[in-house]
Amino acid sequence: MIESGQLVMLVSPKGKRYFRVLQTEDILNTNDGQLQMQNVVHQGYGAVVYTHLGRAYTVLKPTLYDLIKSVKRRTQIIYPKDIGYIIVKLGIGPGCRVIEAGCGSGALTTALAWFAGNSGQVYSFERREEFAALCRENLEKIGLESRVKIAGRDIAQGFGVKDADALFLDVRTPWEYLEHIPEALIPGAPMGFLLPTVNQVSTLLAAMQGGPFSSVEVLEIIVRRYKPVPERLRPEDRMVAHTGYLIFARLGAASGQDDGEPADFIFEQEKEYVEP
Amino acid sequence: MIESGQLVMLVSPKGKRYFRVLQTEDILNTNDGQLQMQNVVHQGYGAVVYTHLGRAYTVLKPTLYDLIKSVKRRTQIIYPKDIGYIIVKLGIGPGCRVIEAGCGSGALTTALAWFAGNSGQVYSFERREEFAALCRENLEKIGLESRVKIAGRDIAQGFGVKDADALFLDVRTPWEYLEHIPEALIPGAPMGFLLPTVNQVSTLLAAMQGGPFSSVEVLEIIVRRYKPVPERLRPEDRMVAHTGYLIFARLGAASGQDDGEPADFIFEQEKEYVEP
Amino acid sequence: MIESGQLVMLVSPKGKRYFRVLQTEDILNTNDGQLQMQNVVHQGYGAVVYTHLGRAYTVLKPTLYDLIKSVKRRTQIIYPKDIGYIIVKLGIGPGCRVIEAGCGSGALTTALAWFAGNSGQVYSFERREEFAALCRENLEKIGLESRVKIAGRDIAQGFGVKDADALFLDVRTPWEYLEHIPEALIPGAPMGFLLPTVNQVSTLLAAMQGGPFSSVEVLEIIVRRYKPVPERLRPEDRMVAHTGYLIFARLGAASGQDDGEPADFIFEQEKEYVEP
Amino acid sequence: MIESGQLVMLVSPKGKRYFRVLQTEDILNTNDGQLQMQNVVHQGYGAVVYTHLGRAYTVLKPTLYDLIKSVKRRTQIIYPKDIGYIIVKLGIGPGCRVIEAGCGSGALTTALAWFAGNSGQVYSFERREEFAALCRENLEKIGLESRVKIAGRDIAQGFGVKDADALFLDVRTPWEYLEHIPEALIPGAPMGFLLPTVNQVSTLLAAMQGGPFSSVEVLEIIVRRYKPVPERLRPEDRMVAHTGYLIFARLGAASGQDDGEPADFIFEQEKEYVEP
């Protein structure tokens, strides 16, 4: 038994994946014929259900990784390796209010919505209506659309959001929007950026020196995969070498103190702690 | 203003970090004197508050990364780079029920509890009472203890949990416990392992061939950091080269089908999709 | 003017490369017609010479990298990244006597012959006559065949060479031949191995513990390439992730001392010196 | 028996290494007392010889790697991993005439002299007399000084060399010297550069667009080491993450052709061949 309202993944005999928020009366039209959601509800996770043409579909509870992999895309998406680190670094979790621009096809949007939960809120900005529509479609398919507000607003005029907990910019010229960050976030809030070239990283770092930003970090996440053969274990022959550089920082505190003492974000432990 | 019950991070002039679930009447004893939590409540995030000795502490809302970094440890911890990927891969999120063994100092436990939210549940197994106590202490400090059940139980006798959504084993000989996984997880559920040596990876892979496991993957996550100097941008001179190998798999379906047709977990897209 | 006897590389309009030891009277038959070597001799490096069909060929002095890239191959070859390190580590240079098995298509053989010079000698062992012939052909094309003796001998019966300066094994089961190494090398001589899987590395290391080997090292060489665009500098999207593991060691000294004091190869500096 | 004139490495009980060009009558003064070279000559490689205080020294034939490791240094040196690749890429070998600037402590100089052999010639430029002296001292110790001409000349006025086979610049602002390269090298000759920051790489690439340079490549060489324990094989915990970026190019042909047809260096195979 799977409860109605749960998100399920239905895997075709050929490995094609369908995502569905379960409604007992629904019917899924697949390339292999019709699937009664009622059967899915009754059979439960791990079961095999059959289309009216007798094709076997496996019922699974999707992971976030499954969702990201299946994002219908017309843009380069942010990859799971980067998303995982971004989430931890930005402190995204249940109840979180987070700003993102642009949303592109919605891979990171999906992750932000997933983790923010029902009590959180994702503010997504995307100037190109085609991508905003695609992102919305991707979110609706998996039932996460209510957690995300997608706006077509040009962020050159600010984000129109206050006291957000975190921010991530996946745009070509993030330095043009730095000035609007302080008014959108709570003081000390974490932020991140993704940029493909070293020239952009350099330009962003220079712009950030104008403040108020602290704890600036630049890094890359690399995944090296192995062929999972126990008696001939070895790395894959080829790998993805680059998706982008990640830049993280913290909003330097607006002091609010009349003594003008600057808030200190240089964490002692930052130096002691070698984080791989 | 910060609401009572919120988790705050207080950073000393020297960068030492204190975590506290805010209670208006509380007093924090620091190396720099006493801090009135009342002041923290009123001043809000980003503010600087003073101890009775006049030392300035900055008030921040901690990210998960902050929490992991500050885990008091007596064991090797799992690092944020690995934790981020594990979370995405295992599909941890609000409402999730997840099994973990052993908990060690509690870095991954902290992350699992963070993402599972109030509606989720983390089942942690740790044979050594000293580590269980340390993990519990770390969780209590940040107010996440209610989301975690830590058991001293020897998992060689099973997990004593049913229908969990995911499982992660950070133990020396995970192959000894494979037989107990099917009864603990929902069919098709994701699982992960962390192992430092290739010999262990090889042994685990061989044991997993006995089934019922599918979609087996082996990988490493590498973080390469850069010195964030815009006009002299370059990688750090040295880096962490290895923490451990991550192995992921999915519980091969318990069929429950009388036609005996095997559930098919070989996802077509798995091959098309190059995930870095 | 280029002297007769020099090795030249002739690059076709489409980038195809021809190698030739210059003889004034020779004619090179290309896909683009005949090239008079006499013209090449007179025009010199960097010049453009024309076939009888009027196609322009550029005359260059080839580097070793050019030669390795153009090795006609029917096997996986050892790559320049690995070859460069092997040469330095084994101390190959003018006058060197070095043993290699198997030679495969001859990429490493080419490099060994290149560096050993006219006063050196390369002893190559290759059981499969087809590969030996291919290697010989590759060497003859570039005029290095006189520096290499290729033997079909099965090295399970020893190398039949004495007092060589270095040895490299690129065979599937190098541990089967360890016993023959001491009689083939001068005491203290360096040796290397290339193996694709961790299981093989582990087996070799275990076999080497039987001695007499010291200063054992295991490593990988990884090349990360960048798109050479000054204003959009970034790593290539994909890269070669693995060719093989390199294992190096030194032949533990046969002491020859009647006091039985063991020669000490544990170099103090080995630990201080971090070699990237 | 070792022939007089051979280079030997004498390793102290504590692993300290002494290099010496063997002369039968010489005496080596060590921290452990005097060593008679006569004994070394007679005992041969791998033998243990004793100082007058009875301390055991092992006699070895040094590899290039040994020499590079032992370079007495007052500057950052170029590492073996980079040197190996540079040598292959630049086509250094017996008889080669190669230009280098600056020589620093002489690690690359040592390698160039090693491979160029007695018939080759290394032209080293070093403005700072202290480094030139140190480099000379390092070369003399190992008997390679006759292969190297070290000049204090400022290369901003050119190299004063003609028709060299290859060139390598390890200087801070290589773009300032590009104009002097064509007159120093044979047409089509390979050249290389080592630069620590991406900003420098970007500046160099932009300057090279002014020509006449072709086949421009940018890459890094990374060495990942493993703990050589057969039953617990795993990468080292930490590694060198960065030494510098390597840039390679070929001198674009001075055509010398009156038809003005440009020499074509876009090698077809360059694209087909994935060199790791």
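We just call them A, B, C and D in the order they show up, numbering each chain from 1.
Operating definition for what follows: contacts are C-beta pairs under 8 Å (C-beta built on N, C-alpha and C of every residue); 3 or more make two chains touch, one makes a residue touch a chain.
On a predicted model such as this, the values are computed, not experimentally measured, just so you know.
Two chain pairs, B-C and C-D, are compared here, and C-D has more C-beta pairs in contact (counted per touch definition above). At the interface between chain A and chain B, two copies of one sequence, more than half of the residue numbers in use appear on both sides, so the contact is built from largely the same positions. One finds 47 Å separating the Cα centroids of chain B and chain C.
With centres defined as mean CA coordinates, chain D is found 18 Å away from chain C. Shared interface positions of chain C, i.e. residues touching 2 or more other chains, are given as 198-199, 202, 224-225, 231, 233, 239-242, 274.
If you check the complex, the residues on chain B that touch chain C are 198-199, 202, 238.
Listing the residues of chain D that touch chain B in their complex gives 196-199, 224-225, 231-242. Chain B meets chain A in the complex at residues 11-17, 43-48, 56, 58-66, 68-70, 79-81, 83-94, 111, 114-115, 117-118, 165-166, 186-190, 198, 201-203, 205-206, 209, 216-231, 233, 239-243, 245, 247, 250-251, 253-257, 261, 263-270, 273-276.
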